[in-house]
Amino acid sequence: MGIGQREDIQHAYARVRGRSLEIAGPLSDEDCCAQSMPDASPIKWHLAHTTWFFETFILEPHEAGFAPFHPAFRVLFNSYYNGVGAKHPRPQRGLLTRPSLDEVRAYRADVDRRIAQLVAGNPAPEIAALVELGLQHEQQHQELMLTDVKHLLAQNPLFPAYSSQHLPQDLEAGAPQGASSWIEFDGGLAEIGYGGNGFCFDNELPRHSTYIAPFELASRLVTNGEYREFIEAGGYRDPALWLAEGWDRVCTGELLHPLYWIDAGNGAWDEFTLHGVQPLDAERPVTHLSLYEADAYARWRGARLPTEAEWEFAARQATLAGGALHPAAANGDGIQQMFGACWQWTSSSYAPYPGYAPAPGAIGEYNGKFMVNQYVLRGSSCATPDGHARASYRNFFPAGARWQFTGVRLAR
Amino acid sequence: MGIGQREDIQHAYARVRGRSLEIAGPLSDEDCCAQSMPDASPIKWHLAHTTWFFETFILEPHEAGFAPFHPAFRVLFNSYYNGVGAKHPRPQRGLLTRPSLDEVRAYRADVDRRIAQLVAGNPAPEIAALVELGLQHEQQHQELMLTDVKHLLAQNPLFPAYSSQHLPQDLEAGAPQGASSWIEFDGGLAEIGYGGNGFCFDNELPRHSTYIAPFELASRLVTNGEYREFIEAGGYRDPALWLAEGWDRVCTGELLHPLYWIDAGNGAWDEFTLHGVQPLDAERPVTHLSLYEADAYARWRGARLPTEAEWEFAARQATLAGGALHPAAANGDGIQQMFGACWQWTSSSYAPYPGYAPAPGAIGEYNGKFMVNQYVLRGSSCATPDGHARASYRNFFPAGARWQFTGVRLAR
Amino acid sequence: MGIGQREDIQHAYARVRGRSLEIAGPLSDEDCCAQSMPDASPIKWHLAHTTWFFETFILEPHEAGFAPFHPAFRVLFNSYYNGVGAKHPRPQRGLLTRPSLDEVRAYRADVDRRIAQLVAGNPAPEIAALVELGLQHEQQHQELMLTDVKHLLAQNPLFPAYSSQHLPQDLEAGAPQGASSWIEFDGGLAEIGYGGNGFCFDNELPRHSTYIAPFELASRLVTNGEYREFIEAGGYRDPALWLAEGWDRVCTGELLHPLYWIDAGNGAWDEFTLHGVQPLDAERPVTHLSLYEADAYARWRGARLPTEAEWEFAARQATLAGGALHPAAANGDGIQQMFGACWQWTSSSYAPYPGYAPAPGAIGEYNGKFMVNQYVLRGSSCATPDGHARASYRNFFPAGARWQFTGVRLAR
Amino acid sequence: MGIGQREDIQHAYARVRGRSLEIAGPLSDEDCCAQSMPDASPIKWHLAHTTWFFETFILEPHEAGFAPFHPAFRVLFNSYYNGVGAKHPRPQRGLLTRPSLDEVRAYRADVDRRIAQLVAGNPAPEIAALVELGLQHEQQHQELMLTDVKHLLAQNPLFPAYSSQHLPQDLEAGAPQGASSWIEFDGGLAEIGYGGNGFCFDNELPRHSTYIAPFELASRLVTNGEYREFIEAGGYRDPALWLAEGWDRVCTGELLHPLYWIDAGNGAWDEFTLHGVQPLDAERPVTHLSLYEADAYARWRGARLPTEAEWEFAARQATLAGGALHPAAANGDGIQQMFGACWQWTSSSYAPYPGYAPAPGAIGEYNGKFMVNQYVLRGSSCATPDGHARASYRNFFPAGARWQFTGVRLAR
């Protein structure tokens, strides 16, 4: 379910904001403070930054008599908005032992109270739109909270589980499916980009025409078992399969196998998950791959990665909003795992759509300034909040990023 | 004039190979040995590697009783072909004081003699095609020889000229033009990629359909004078104009002004050229820009960079082979400086065309494995050999590269 | 008061071990987990590692039926003892959010209980000696806990205080003294190194003869006010004052002023202390200097740093055990601040005394293997536990280290 | 034979300056231009810098109507004298393809002519002293020319010889000797430092008393064969033998065997020398060791490195000036290879002697500012010019330096 579409904004706000605290629930204060690498952030920082977003972009311009919760937070919890001013250096987020987690919870409560006052009754459309953007933003961070804490826990030789309890969602990358088949698509001149009436990010606009040659997509994602065949066939030893940059990373030892695989000896593999170390499940989708690995695997299979236009074209034919299969779109076996298993690398660099224009002001830094040296991932993952993704959604990461739930759907 | 189209292969071989030695002519043995950065190579290395290409890909498989000129050269002068075997580390090319420049000249003469024997009479089409590829390859290195030696000489506080004599071509980036205007293009479903009968690189294939929305291109390149206005207006101090990666490089001091501009005080600028230091010519095209700078400039002007499809679409309408203006294509003032001035950054990442397939074997490493994290440049520069470029030609460099003759044509 | 000299070992154990927990007392779980740089360690890690020392070097060989508290701790909390086996990488100590601080406290309690059993009654001399070493080791870490947490808190733009309460000891670097004077020493053939019957580290042995030329020492440490004169006179801008390595660090901006000084504008300075930011006290000793700064300051004053032999010679004449002034040693005003204010840089590299032999086994790695590229500091600081230091004590750090309480006593 | 002692200054000048050109004789222009690492310099740079020394410190202050040979050379060929002004960045010396080698030779000839005019007749003592310093300085660079070019050629997979001709001196590290024995020395209160009437560097002064405990030195240097035993016994795999910094370098793969040893398979070793690759001579001294390796080897043998005072004490007893053995000093077998084979690592850090005072002005930067984090080497090597070294001579390098001819004499 999307935000604010079938529920009022107050309920959506409470639901989404509450979910962030639920994610932090199984974690100690220490777990919430540490930062495992510059690309990841502490859980506490996520909790504060998402609050900062509401305070800075909604309360500050729209609350009568606005006073900041804490004047230093404007800098401490600014992620990358130059238009807002200075920002604490990203690699040092893990050194912020103060404010404490309790103080950040108090910060959240205070901002929540003030936002509730602001949106009570019938808020102005401009404010409602900003609240919706803030909630979508917070949902993006909810996924990062899970992937960042997974990366943190994976650095610990004890390999602790995020939670041994029943989790609110399945945090492994997709359930097993049957055999894979090729689904044919005719292509042609297609409309790409968001065309509905609900929320979308600016990078999904404008909807525009693009020409797509006929293509085929695999009916499901590549599995751990299939990827293991690639390893066993020497895939990581054959430079002919790799992009040059990828091969350089193989040679330095950075790329040896999917990020969280653990060699268990005698050809067996374990995998570190949010539930702790588990035997590798050959039937589930392979995940935590770089674009380099996804691309090399595809080449080894005589296939390739899809473009983002191909992926969206297929998704639009095959799905209803929210990821359910549209029966009429099924071609033979039908197409599976478009959403909710792993983000799917495409061969498309992250670039503006024709006529793209970011919003004016600091909020316009949300997407546009990252449109270089990143690649688009489509779909959604097991860590994506329900209802957050859609067929036109454009996720993006550098080609070497592996700590997200990133997998492979083959094309040809 | 292209290679081998209107002249026989023997003449083309002699002409192109001789040109490399001409480029090295004004340089000392020392000049030819040094390497200014890992991305650049010594002139001597270029002379040897282009010879290695003929020896390895033509003589070795096709010469009866082949014996290498020197067994160690197979490794020393292999640039990046993993299929050929080991290669000398790129950052250490400048430490190869042996073989001497004279020995490399002897290597060239020996291979030239043997290639001449092989192609005497009526060579097999496979061999003729490889010779043509070798000559096109050598022409690419001829441009690199000029840009690499320019970078080397620029590191020297004496700022020595490559040559004070009349050079065989104008080695500054394009002659002055008049005022710039916007040329309108209708776009539509267009065919992109090489479609002729002559030579092209594999990355220009296959020719394929793509949809292009209506667009406008500037009639000429951005000039030094126009770019100076950007600097004077604080372009390098306003993060709102920059891609995030570009702004990071501004903040570290890497990007302050075009690569070879020299602050002459009191608002005046000089420029280091292959002819030595000269006062900046406000009317000539600005060059030696990164994609980040090109993109920031365009944003400041309320414009953008063209896509590679837009550029090719316009070039095909506007030009005859070789860069002359097609009168019928002129829209208003006509479009200028598509070729022969500066390579023109596009917003298109370097990616395979639909259906792209590299050649089998080591020669297939020529282009395909670099198709990640690079951006396409179109046109050609003052350093490109005559007849080398064409409308479908795809040059590519990382977004931060500045030592090529890289400039900006605006689109909107 | 030293350990175990006038109190029994059980009381000493309880006192010293309890003190570590007192130091952690004002800190949150988050404060105790973070690591500000590879050279520093988290408080929690200090609490665990000092416990590991007792478990590994005493319980493991001497406790009947020894079983480890947790098998992974042998690696996690090994600092640098190759003889014990693998060790967790030092720069990643701050990522160990598990075990929790509570679990580490339980680890401490368990080992304390077992050590108490082992030393109940009349422990074997070998065990008693190891317990004493373990307590001395823990006292060294107590000082590091304070300097490491100071460094951590200093990275936080909020500049939080370690504690706003009355602290168990004065945690600023020494009380103001009067004017400085030169104290003359005759030198001659002197005995250097520990010569008593109590505890000392192996690096203080063997006591040996060394020849010392006549010299003078300043009667007190250099003050903040005096050092500010050096800054105001351009000391950080004149290469003639600096060792070449130091000047390199000045040029990169690493060295601008003492580590925790904060430019308050208009020529005023604040200083970050464990009590928070405070106005710089001109009368207190300057501290948190590198050897490079100490040496440059001395040169600017026409003086030099003492050798460690000079310092020990002077301390032996001037002090009773524990740092009290020996009246007969007073030369004019007497010598002050030898202990308890700041560690004092010497010009002596950390090297073995003639005939030095480390203990056999892993415990022998305690000191000897660090005897290269480190410089000796003498005395003790405001953060040194009472009774820990003595005239023969040899502290050592690299020349660039600044996060200890390091100051300057001039010699000539 | 020392400089200027038994020959007049004109002859000494011509002899020493001519020797630098002889060393460059076997090398091409390319060989003379390249720089293999920041610590090494191109031969051409050495030829120019040594000339710069005479021009800057003698001609500039003392020649009537002085005009520089080339104004830019003041910066280009300044090594590290901040007092002279700016300097070209050291890591970029290899990019100076201009001035050419021929121009540098012309620079040398010009300065030689002008120095000859200045010292014709009876030069002022101040000038004569500076000329002597310049010649001693040039001799130091003559040794560096050989070690730097050896390092450069060793980077080339062709492993070219510096010269296949008969060289003016034996450029391998010392001739074989017989068995090693221990020579006993009584020690006591000794005078250390230069005490003669000839030339010495400022770091050899002042002569001063030091106390030396009784010690023993090995009668000759450690041989390749003996060091090979250390390797075969697993010396590079046992952390207990190593200083911690050394072991870190073993673990990164930086230290595997002496710098120029080449594994020839089946337990055999070759060695790269200035004469090219040769089978390892088990009887010659092992050389190109870091202090870490020298120290680990000594520990493995149950010995240690000497202090510089022990070494000088022994050398003074055992030698006449110039390195000949003093018969009366022979203890049993006599002491060998003190000079002319390898520089010998000592355990002494490079520090000022008591009362050391550098010369005023820029020339005072010659030695003093390097007195931190360096270790003293004593003796001289096969690459040291005849007559350059003496018993009080203090060479110094960082503990990790290996490209000098550095070996081991054991002490205990």
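Just so it is clear, A, B, C and D label the chains in written order, and each chain counts residues from 1 on its own.
In this section, a contact is a pair of C-beta atoms (placed from the backbone, for glycine too) under 8 Å apart; a residue touches a chain by one contact, two chains touch by 3 or more.
What you see is a predicted model; the values in this text were computed from it and never measured.
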item	value
Shared chain contacts [chain A and chain B, defined touch]	none
Longest centre-to-centre distance from chain A, chain (CA-based)	D
Interchain centroid distance [CA atoms averaged], chain C/chain D, Å	37
Euclidean distance of C-alpha centroids - chain B vs chain D, Å	47
Intercentroid distance (Cα basis), chain C paired with chain B, Å	59
Contacts with 2+ other chains: residues of chain B	none
Chain contact topology (line, ring, star, complete or other)	ring
In contact (per the touch rule at the top): chain pairs	A-B, A-C, B-D, C-D
Complex interface listing, chain B residues touching chain D	28-34, 36, 44, 72, 75-76, 88, 92, 94-101, 152-153, 155-158, 160
Residues on chain A engaged by chain B in the complex (per definition of touch)	80, 82-83, 189, 208-211, 213, 239-240, 242-247, 291-292, 295, 304, 347-349, 351-352, 354-355, 364-365, 369-373, 399
